[in-house]
Every structure is written in C-alpha cells, then in structure tokens.
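Multiple structures follow.
Heads up, the next two complexes both have chain A, just with different partners, chain B and then chain C.
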Partner chain A sequence: MTRIIRTAVFALSLLLPVTAFAAQARYQLQVDGLACPFCAYGIEKQLTRTDGVKNIEIDINAGTVTVTMAEGAAMTQAQADRIVKDAGFTLRGFSEVPTQD
Partner chain B sequence: MPGIHLRRRSVCRAVGLALAAVTGLAQPARAAPETFNTALPVPKGEFIFREQFLYKSATDDPSPADREVRVLGGISVLGYGVTGDFAVFGVLPYLDKSLDVTTPGGQRVTRDTSGIGDARLFARYTVFHDDAPGRTFRIAPFAGIELPTGDDDDNDGLGTLPATLQLGSGSWDPFAGVVATYQSLDYEIDVAASYKVNTEANDFEFGDEARFDASLQYRLWPRDLSSGVPGFLYGVLESNLIYQGKNEIGGANDPNSGGTTLFIAPGFQYVTKRWVLEAIVQFPALQDLNGSALEDDLTVRAGFRFNF
Partner chain C sequence: MMKKLFFSTFMGLAATAALHAPARAHGPLFSPAPETIFKGGTELTLGLHTEEATGTSEHETEYDVTVEAVYGLTADWEAGVEVPYTKRDLDGGGDANGIGDITLDTKYQFWGRNLPGAQYKASALLKVKLPTGDDDSHRPTTGRGSSSFITSEQ
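Let's turn to the complex of A and B:
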C-alpha cells in the first residue's frame, strides 16, 4: 500500500511542473463607461491586437472584461489601462484571477 | 421657360430646407442617434462604417404650380478613431432629386438629377467624459467643412437647374457644433447644437443653418440583462429643430426662402457588437417658413452600421 502511494505521489510530482507550465494567466478588467454592445466591440478589438491575448469574455451587465493570455504571456495594469483608454473608456480595476486549467 | 426661372426662388427654398433635414450636419457612424451626432467614442485605430438610405418628399403645394419634390439617396459615413478621444469622419451622399412642377402654360414637367452630392469632413474631440460602472457622460465639440464635390451646374432641356436642385452648392461651407451624450445600460440621451455657415457660389448663397437636436433611446429588449453581450433593441424618439436663414440671389435676400422646421421622429435600433440596424421616420411637427412655402411631408431613413 505504501509503495502504491509513493508511486502515485511520484507520478503526480512529475505532472506538477507540466501543469504549472501550461497555466494561462487570466485577468479581470473592470471597465467604466461600457454601456452598449457596439462599444464592447471596441474594447474587444483593442485587446485582439494585443500580443499574447488568447481569449476575451465581456460581461456588459457587470462591466467586466476577462482576458485569458497565451501560455507564458502576461498583462500589466499599465497595459490594460492603455488598451481601455484607447477604446475610449476608463479602467476602474485590474486583477489576476485563478486559471481554469 | 421663363415660368420655371421665376419659380426658382420658391423651389430653392423648398429643396434647400429638405436637403438640410436630409443630410443633417454630421451623422457619424456610431451607435446612438439616427438623425444627428453622438459623443460616444470611436476606438483608436478603428474604422466604423455607416450607410443610411433615405426617402423624402414635399408634395403639399397649394399654388397652381403644384410642386412636388422627392429626394432618394444614400449617405455613406466612415469614421476613424485617431485616439480614444479624437475621431475624424467623412460623409459622402449619393442623391437622386426630382422636381415636378406645372408651368404657367399648364404643362407638367419633371426636372431631376442624380449623383454624388457635397461631401463633408469633420473632426470631433471629447473634451469631457465621466465614466462609471454601466454608464458614461460625454461632451464633444466637432467642426468641419462641406466640400463642393457635387455637381453645381447641371442642366436639362429647360436650362440650368435651380441652385437647390443641384447636387452640390459649389461652395465651401464650414460648420461647428457640440454634442453631449449620457448613456446607461437602460437608456441613452443625446443633445446637440450646431451651426453651418453657407458661403456664396455661382451668385447664389444658401441661408446659414442652425440645428438643435435631441434623441432618447430606451432599451426595450432584453428586459433583463444576462451575462455576455446580448443584442439590444432600442425604441428611439428624436427631435430636430432646424432654422435656415434666407438665401441670397445676386446679393439680395430671397423673401421666399428659409424658415424653421421641427421634426419629431420615432424609430428603432437593433444594436449588436459588430453591427447596427436602424430605421426612423421624421414627421414635421411645426413648419414656420418664409413666404409661400412647400412644406415637408416626411422623411424615412433606414440603414446599418458596421464595426470593422
């Protein structure tokens, strides 16, 4: 039994680095001034142009934009602030959220 | 056809006011009002295109001339965001204008023309914006010029067309104004004031134009917002108060030109992330025109906008 547990722990330890490497950073941007669907596309388009952005989810009712980055890519608050400003809106909050992987 | 030329002033007035209402001062390609400007942003480096088709008629002429003016057209607008606050726009109308009139000899004649009208270039800068969760308030002055790109010396078998039946004015006409927008998830209000200085060309000068516009858009559907970005169906109610000064022909005021018209316009707008469908009908609620007038019937506008 002990041997089985040791083997399982060893196998999991091998997987851990792989899991950590595969993790994709996710950020939630709280955007002020976002109040119509047509405006939402403006932010989506700005984010699409940004290197490393893999997926974008916008919730217009909550005023949030959730950005999933490609592996190894990251986003800074200053970068998010510039993107939202270029779209014509105001960044209220920026936070990293737990990954789904 | 001397009768035709004698009637030129009143025709000019009728068609002039009609076109003032048709083309508006500035109709950028953005969600929001359907008959005038908005202060909502055009994102940096992005293009937005708008196409609006229109039909306008003015047929209730009590005089023996029984004038009937009809305008069919399409107005194309391209907007570009230089920054998040600064945007430039180009407006190019394509118009088909016709005038039916009974001559003093009792002959019914039609005079018409079609082609590209006068283009407009203008810029808009957001000088103030206050953003909060789910709402925004913005104030944005704009200024530009109407270019003499339309034909201004077209003629038919009866001679040169009246100045206002021409596709273009032949003149360089600057305009400026300011628009304010309050937008929330439930509704949007836009108000705008603008002024256009018409200059002389071909010994003819249109009267200057002042406009005061207002628009209310109320979200009818979905009633309750879910997550994501659903399409919005707005009910729209707009008003346009348009004042036009008297035209000048050969340096003299035309007493049968200019006046004030108030349009009330109900419509709808369906807005998604990438495109907008819209339609609106402008009814003249008040028409206080100088001299003998050919009053407007109605204007129908329908079109789409597209986010590149």
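Let's turn to the complex of A and C:
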C-alpha cells in the first residue's frame, strides 16, 4: 500500500513541472492612442509579425491589448514598447496577467 | 491591341487593389489627413473620378481610374505612388486614353500625442506630379506635360 502511495506521489511530482512549463504567458498592454478599428488593425498587424504571439485581443474602449504567447514564449516590456511604437501608439502600461483556464 | 491588353491588365490590378484596400483611419474623405500608416504597413486604394465639361462649342468627358499604393517606412513616415489611367473623350475632337500623370508623395508626422482613446497629430505632405501622361497637343491629352509640386501641413 505504501509503495502504491509513493509511486502515485512520485508520478504527481513529475506532472507538476510539466504543467508549469505548459502554461502560456499572457500580457496586458495599456495603449494610448487607440481610437478606432483601424488603430486596432495596425497594432494587430505588428503583433502578428512577432514570434511567439499566439492570440491577440483588443479592447478599443478600454485601450487594452491582451496578448497570449505560445508555450515557452515570453514578451518583455521593451519588446512591447517597440511593437506599440512601430504601430504609431504609446505604451502606457505592461503587466503579465494570469492565464485563463 | 497593345493598349487594349494594357487597359485590361490595369483594370485587373485596380480590381485587385479594390478588393484588398482597407479603409483609412479616421481621416477626412476628401482632404489629406495627418495619419500615417504603421511601420511596414501597405495600403492599396482604388479611386474613380469622372468629369464633364461643356464649352461654347465642345463637350468633354474625362474618366480616371487611379491606383494608389502607400508604404509605412516608419510609424511616422510614409511614401506612396499614385498611378492614374485616364480616358478623355472630346466631342468632335477625338479621344485618348492611357497612363496619366503619376504622382509620388511622402508624408511625415512631425508631432504627435497619444492619449487614452484619442490622438493628436501634425504632418507635412509633399506631392510631386510627374509629366508621364501623353501631352500631344493635337488631340485630347492624358497628361499636363509638366511637373507640379504640392506641399501641405495638416
């Protein structure tokens, strides 16, 4: 019985790091200047050209862009700043948000 | 024959451009806007213009199909080219068609301020119209036969 429990605990301990690596990083970018759907189009184009970006959600009214990265990929604030600037906007805030499960 | 082929090709390209042309931002429809396209962005626009003029002894009709391509060099600086295909009919004076005067333009946004949900921008625009159209004076022409410059601040 003890052996079964030990094996089960060991198996679970192996699964934990796998779950941690499988998580996809999500970031919320607070963008100034987002005023119309064309603005959203421009910033979306810039983000889709970025390696590792899997999904983009843009809320024009809130001025936020939520970016979900592919597994193992990450985004830095400097990278986000460059992307937003190339699209013609200003990055006001950058934060990592909990993944949606 | 060559002109017919050229016209068909041009119309085909124009139709392709129309299918892929995104609506330009929040600028005015009939005057230049200060917005510039994003870095690396491209925009194709198809324009159609017709004009009729009646003088004391003659009547003239002009049709222009224009394809405009714009490229974003940076987020603040864009360059473009405008190629018109012109057809002019002059009652009693023949007709002409072909490439009109090609326009090269560039726009630079020298000031901008982004706020939550709003943008304030100021740009300078330079347009150069080249004398690429036919300016044969014995029939209706498709070009002016001279260069012209347009500068503007928005």
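Annotations
Methods note: the second predicted complex is superposed on the first by the 87 of 101 C-alpha atoms of A that agree within 3 Å, B and C clash if a C-alpha of one lies under 4 Å from a C-alpha of the other, contacts with A are read in each partner's own complex, and residues count from 1 in each chain.
The rule we apply is simple: a residue touches a chain if its C-beta (ideal position, glycine included) is under 8 Å from a C-beta of that chain, and two chains touch if they have at least 3 such contacts.
Since the model is a prediction, treat every value here as computed from it, not as a measurement.
Placing chain B and chain C on a common chain A by superposition gives a clash between them. Of the two partner chains placed by superposition, chain B and chain C are both touched by A:90.
When the two complexes are overlaid on their common chain A, residue A:58 makes contact with chain B while staying clear of chain C. Applying the stated contact rule after C-alpha superposition, one finds that A:40 touches chain B and leaves chain C untouched.
Which of chain B and chain C touches more residues of chain A: that partner is B. Of all the stretches 170-178, 206-214 or 242-250 given for chain B, the clashing one with respect to chain C is 170-178. Residue overlap on chain A between the chain B contacts of one complex and the chain C contacts of the other covers 32-36, 38-39, 41-43, 45-46, 49, 60-61, 63, 85-90, 92.
Partner chain C is touched in their complex by these residues of chain A: 31-36, 38-39, 41-43, 45-46, 49, 60-61, 63, 85-90, 92.
Listed in rising order, the residues of chain B touching chain A in the complex are 30-31, 40-46, 81, 83-85, 126, 129, 131-136, 183-185, 188, 225-232, 271-274, 276, 305, 307. Remark: chain C residues 22-26, 36-41, 74-76, 112, 114-119 touch chain A in the complex. Every residue of chain A that touches chain B in the complex is listed here, in rising order: 30, 32-46, 49, 57-63, 85-90, 92.
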